[in-house]
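There are structures below to look over.
You will see two complexes here that share chain A, one where it goes with chain B and one where it goes with chain C.
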Partner chain A sequence: MATPSLRADASTLVEVTDLHVEFPTREGVVHAVRGVSFAIREGETLGIVGESGSGKSVSSQAMLRILPRPGRISRGSIRWHQRLPDGAVRATEITELGDRSSQMNALRRREMSLIMQEPMSALSPVHTIGNQIVERLRLGGSMTRAEARLKAIDLMRSVGIPNPEKRIDAYTFELSGGMRQRAMIAMAIGNAPRLLIADEPTTAVDVTIQAQVIRLLQSLQDSLRMSILIITHDLGVVATLAHRIAVMYRGEIVELGPVRDILKDPRHPYTQGLLRSVASLETSDEDSVATIPGVVPHPFEVVPGCPFHPRCSAFMPGVCDRVAPERTRLAPDREVRCHIYQSRA
Partner chain B sequence: MAHVESGRPLLAVTDLKKHYPIRGSLLKRSRGSVRAVDGVSFAVKAGERFGLVGESGCGKTTLGRMIAGAHSATGGRITFEAQDGAPIEVTQLRGAALRRYLAQTQMVFQDPYSSLNPRRTVMQIVEEPMICLTDWDAERRKARVLRLLDDVGLDHRHAHRYPHAFSGGQRQRIGIARALAVGPRLLVCDEAVSALDVSIRGQIINLLRDLSAKLDLAIIFVSHDLGVVRHLCQRIAVMYAGRLVEIAASARLFEAPRHPYTEALLSAIPSVDPDATLRPIILDGDVADPGERPAGCSFHPRCRYAQDICRRKDPPLRAVGTEAHLVACHFAEDLHLRGNRMR
Partner chain C sequence: MLGFIVRRSLSGLLTLAAVSVVSFAIIILPPGDALTTYISQIMAATGEMTPEMQRQIEHMQDQYGFNDPLYVQYFKWVRGIVVAGDFGWSFATLRNVSDFIWGLMANTLILIFASMAFIYLLAVPIAFYSAVRPYSLIDYMATFLGFLGLAIPNFMLALFLMFAAYSLTGQVSVGMFSAQMETAAWSVARVLDLLRHIWIPVLVIGSAGMASVIRILRSNLLDELNKPYVQMARAKGVPEWRLLIKYPLRIAINPLLSTIGFLLPDLFGATIIVSIVLGLPTVGPVFLSALLNQDMYLAGSIVLLIAAATIIGTLVSDILLALADPRIRYE
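Here is the complex of A and B:
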């Protein structure tokens, strides 16, 4: 499959710089996001992959200012660029807005929307699926209930929910896991957002419906120049949909670059290990799956130096366990956070 | 490829059905039913790892929950071989007999976040099924929890922590330790690894494979990740609209599928190789709705090989080529379908 290409004139939609997020808990502070920086251009898809618990969802929740308690942004900037009707660009600093301020509400209603990782916690058990989609559509503008209901049925069909005329009156417990997930997708794309954040949007659906969802997102992107931030463990989905990938490990982006370059030539030892696991799952039937050795440290533990050093095959004693590596630029659009490349640069 | 010795099955499912009534939206009268599981038959041997894949909404979770005793069946039989060799009719169990069965069949769920009670420590979570389903004393239960934590690769130091700060992979291990607590002989895993990163997915698969060999534990593994299923399971069943449409040994199913739905499914596995050439077969038409099954073969409206007979006659699941390869398609012998070796 050809790597998706991006229009050359794309300009930055959102820019995240040195973002830190903490969860102060009774047992200790979880430093969930530790200095993450990336930008997303108009019409671009950025994929975030990485370790379970590395801060992927939390980073996206910070952008929408919907961090679960007791999470808080402790440092950094999130700059949103809004194109006004006259062509001028207005920048908004999201970290300076209140979680529930009218400006933030307006951004969430009209500019960004989210497909949540866990549909059950995002959907209401006491309202029909149709009413929930209709409410979401009406938040965005001027639709009547009847118009919104017709639109909801269309949306449900486009994400592959069978018999939407009937299912629109179903409650979430009457839907299968994958149908709930597709209902969430319908809700999130209904208002044609500038940025769609899709957190594991297809884990609960089979691969043929997944292919249908991916084609739908691509066509929305083409027609609306929508930007997409997709978070997923499925590198096949990333390879198909994303232009660039960010790889996260324990709260940091350890590698960032064009999707093709990273999948063909991963540089960070964590990315290399991850791709080896994928390859071993795809090939052998007999042997055990190749995994990255060692265990993920508990979130309260403080790891000095590079967070990956206890599990790294290229570990350099005295360096990696002492000093945190800086970001090193390998090419104009490509960077890595690892001492191997830093000492060479 | 490991083969399971032929022998008596641990679990036999015969013509199993689950129909949910459809609520009328205005008059609260029932308008027919969703036939979520509609006549499923298969058997699993002791220690066998059996994969279940298929379209989203085709009835996999419903089937798994009936086997684990969490849902009642509308029709059909589930027969389980008790430790003493006597058959148990699961669908007829009540009270103490049902509890004894539940100790033999445990379930692991998809979501490692909401399936663990946040107000209980790891120790309490893993101990709970022993309190409910056995008469073991506290000392024996505590000792067993520590052994189980070893088995699933979790540090004892974590036994008194609460689950909220654990990573997804660690939580899934806690869920597996809890499921193993009462010594089941069958584990039903419903999307048990889909929330985890690939390296941890690999660890859990290796763990399940080892446990199944060590404890002679049978596993029914439901997943949309076909690579994982192929890796873990010796046999795979493909489900479509409430029925099984193909059952075969894993390698055979991937290399030489004989049902057109299986072919489409295999073709849609996205590859990480940006230069991969396999093109997904696009299934036109509506996704199957178990509430409104068409006449004839359920798959015919979307099948690119459909003929007249497919619109009229429902094909039974039958052996094709070998006894071990079952297919529900009128043209199973004639079609030359594309497999997916993946690489």
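Here is the complex of A and C:
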């Protein structure tokens, strides 16, 4: 299973710069995402890893403008590069669109799509699978109901759902976890999106299905030439699927770079801990991240300096607990957010 | 689905059988038998017993089994209902219960269903708006008015509306029909006449039941709005209004369907007081006077019919729920 290679001249599809997301709640403001920057190129797979609550889902929901209430983008930019039929590229600033605007809906219908963590709760319990896939197909293009239904059956077959002519009229609770996840993938790829956001597509299914889902995503990327943003706890998944990874901690990207480089030579103490804990388990268990000593501070808590310093093995008193580290470029395609490298630079 | 309907219908029939026993228990509850009381009343009034009356009494004795053991009496009563639609003799009005009960029942059910329609037609959009724009002015107003409706006693609101209608139109609006329409056959004119009269009781009964329906639906909807499937539908680019109606509203309404069944007895209770205040020809006031006069066949029959209506209502709401929610259908 080799990661499909990326064309060197691939252009940028979406560029996220200094993204901040806040949830003003009664108890206080939760800064779920604090200044995240990354870009995804055409045909590229970017993996986001990080422990629970680090802001992975919230970042992706901000890109689709489907943040749950009361979440809002408080700062930053999300620039979408849309390739028009005549070959020209049109840039759209997603943060400036209304989250219910027709321009945003147009992007959601044709350009990007989402696979959610829990297919059982992400699909409506009172509508058939077919109804939900057909709805997606008809929103994306002018298709009659009958045409969309035929296409939905084709899609279901292409993602490996046996007997799709029958399953299309099934409700979610009549399908197994793996079949539900495949149905959601069929819905997501229906309109051949340019970017597929897969938010932990393998957590709700068992290990054998996990491997199948990963292989499926890989072959879909090959055939549809789409970009993938994959969010996961599982370093094994990123290792097989992604070109680059972004490691998130407390709403920040602490390390970003090509998969092979980071796995071979992690620089941020958090990434190092993450890899060590996986190595010591010798499996890619999804809870492996939790074996780094210490706990994530509560999201309301404001941690001065580097957010990782209370748990960091390379903690430098007087620096890490005072000053927030800047992003430091280690190589053209690699960056880290840590004082160790900043002082050296 | 068919199996589901058959199962629910059978259990409904069993419940109905149990209710008929309870209704019969009500009939035989007062000490002494009704016939003896009746005879002594006649004797006190006329001083003698004509042979014709004697025959009538003997006939009733035979028909309702006053001299038989209780279970035979029960079976005779039930057989009379099932075979001949005969609910027994009303000793207070000296008529067969079945001669006048159906008209009263029809009026009662019209009033109940009109109130129910009023409640749902108003509560669903209000709750929908309140949930989509929570803590907005309209949300607060809906809550306030809902509690007001809950807090104002029905009889007071009925009196007030009657007074207001009189002050505005100069006409006293009592009853469910105008005098000339009271006994007329159903026609467009009669329905219009009904609508002209029924709005006051519907408003009174509806205002009392509205608050709880709004509250239930609003909180169901608020829960549903945060579910991942709603986010997923947004991510698909479904236009917002279509999305809200197709997904969260559709799902939040389901639990409401199952409340139709138990809303019925509540609404029946409300019709009694409102009917007394507004002089409506429903079973409510008749039920009350039947109990006061120990007119037990009448009272027991009303209990039985209202219970039957509730059982049918529950059955219908179960079926509606199963149609709306596949998870229940496939259980």
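The rule is short, and it goes like this: the second predicted complex is superposed on the first by the 320 of 345 C-alpha atoms of A that agree within 3 Å, B and C clash if a C-alpha of one lies under 4 Å from a C-alpha of the other, contacts with A are read in each partner's own complex, and residues count from 1 in each chain.
To be clear about the criterion, a residue touches a chain if its C-beta (ideal position, glycine included) is under 8 Å from a C-beta of that chain, and two chains touch if they have at least 3 such contacts.
Predicted model, so just to flag it, every value in this text is computed and none were measured.
K.L.:
Looking at A:106 after the superposition, I want to know if it touches chain B, chain C, both of them or none. Which is it: first, second, both, neither?
P.N.:
A:106 sits against chain C, while chain B stays out of touch.
K.L.:
By the touch definition at the top of the document, which applies to A:216: first (chain B), second (chain C), both, or neither?
P.N.:
Neither partner.
K.L.:
First (chain B), second (chain C), both or neither: which does A:29 touch?
P.N.:
The answer is neither, since A:29 touches no partner chain.
K.L.:
Check the residue A:224 against both partner chains and state whether it touches chain B (first), chain C (second), both, or neither.
P.N.:
It touches nothing on chain B or chain C.
K.L.:
With the two structures laid over each other on chain A, which partner does A:118 touch: chain B (first), chain C (second), both, or neither?
P.N.:
Both partners, chain B and chain C.
K.L.:
Between chain B (first) and chain C (second), which, if any, makes contact with A:135: first, second, both or neither?
P.N.:
Second partner only, chain C.
K.L.:
For A:324 in the superposed arrangement: first (chain B), second (chain C), both or neither?
P.N.:
A:324: touches no partner chain.
K.L.:
Report the partner of chain A that touches more of its residues: chain B or chain C.
P.N.:
Between chain B and chain C, B touches the greater number of residues in chain A.
K.L.:
Per the contact definition in the header, classify A:174: touching chain B only (first), chain C only (second), both, or neither.
P.N.:
It touches chain B and chain C both.
K.L.:
Please report the chain A residues shared by its interface with chain B and its interface with chain C.
P.N.:
117-118, 121, 174
K.L.:
Give the list of chain A residues in touch with chain C in this complex.
P.N.:
61, 64, 66, 68-69, 100, 104-109, 113-114, 116-118, 121-127, 135-136, 139-140, 171, 173-174, 187
K.L.:
Taking the complex as given, what residues does chain A use to touch chain B?
P.N.:
Touch residues, chain A against chain B: 1-3, 25, 27, 30, 49-53, 117-118, 120-121, 160-163, 166, 169, 174-179, 182, 200, 203-212, 214, 233-240, 259-260, 263-264, 273-275, 277-286, 288-292, 295-296, 298-300.
K.L.:
Under the touch definition given earlier, write down the residues of chain B that touch chain A in their complex.
P.N.:
Residues 1, 20, 22, 25, 53-57, 61, 110-111, 113-114, 153, 155, 158, 161-162, 164-170, 191, 194-203, 205-206, 209, 224, 226-228, 230-231, 250-251, 264-265, 268-276, 280, 282-283, 286-289, 291-292, 342-343.
K.L.:
Quick check on the complex: what are the chain C residues that touch chain A?
P.N.:
Those in contact with chain A are residues 225-229, 231-240, 246-247, 250-251, 254, 324-327, 330.
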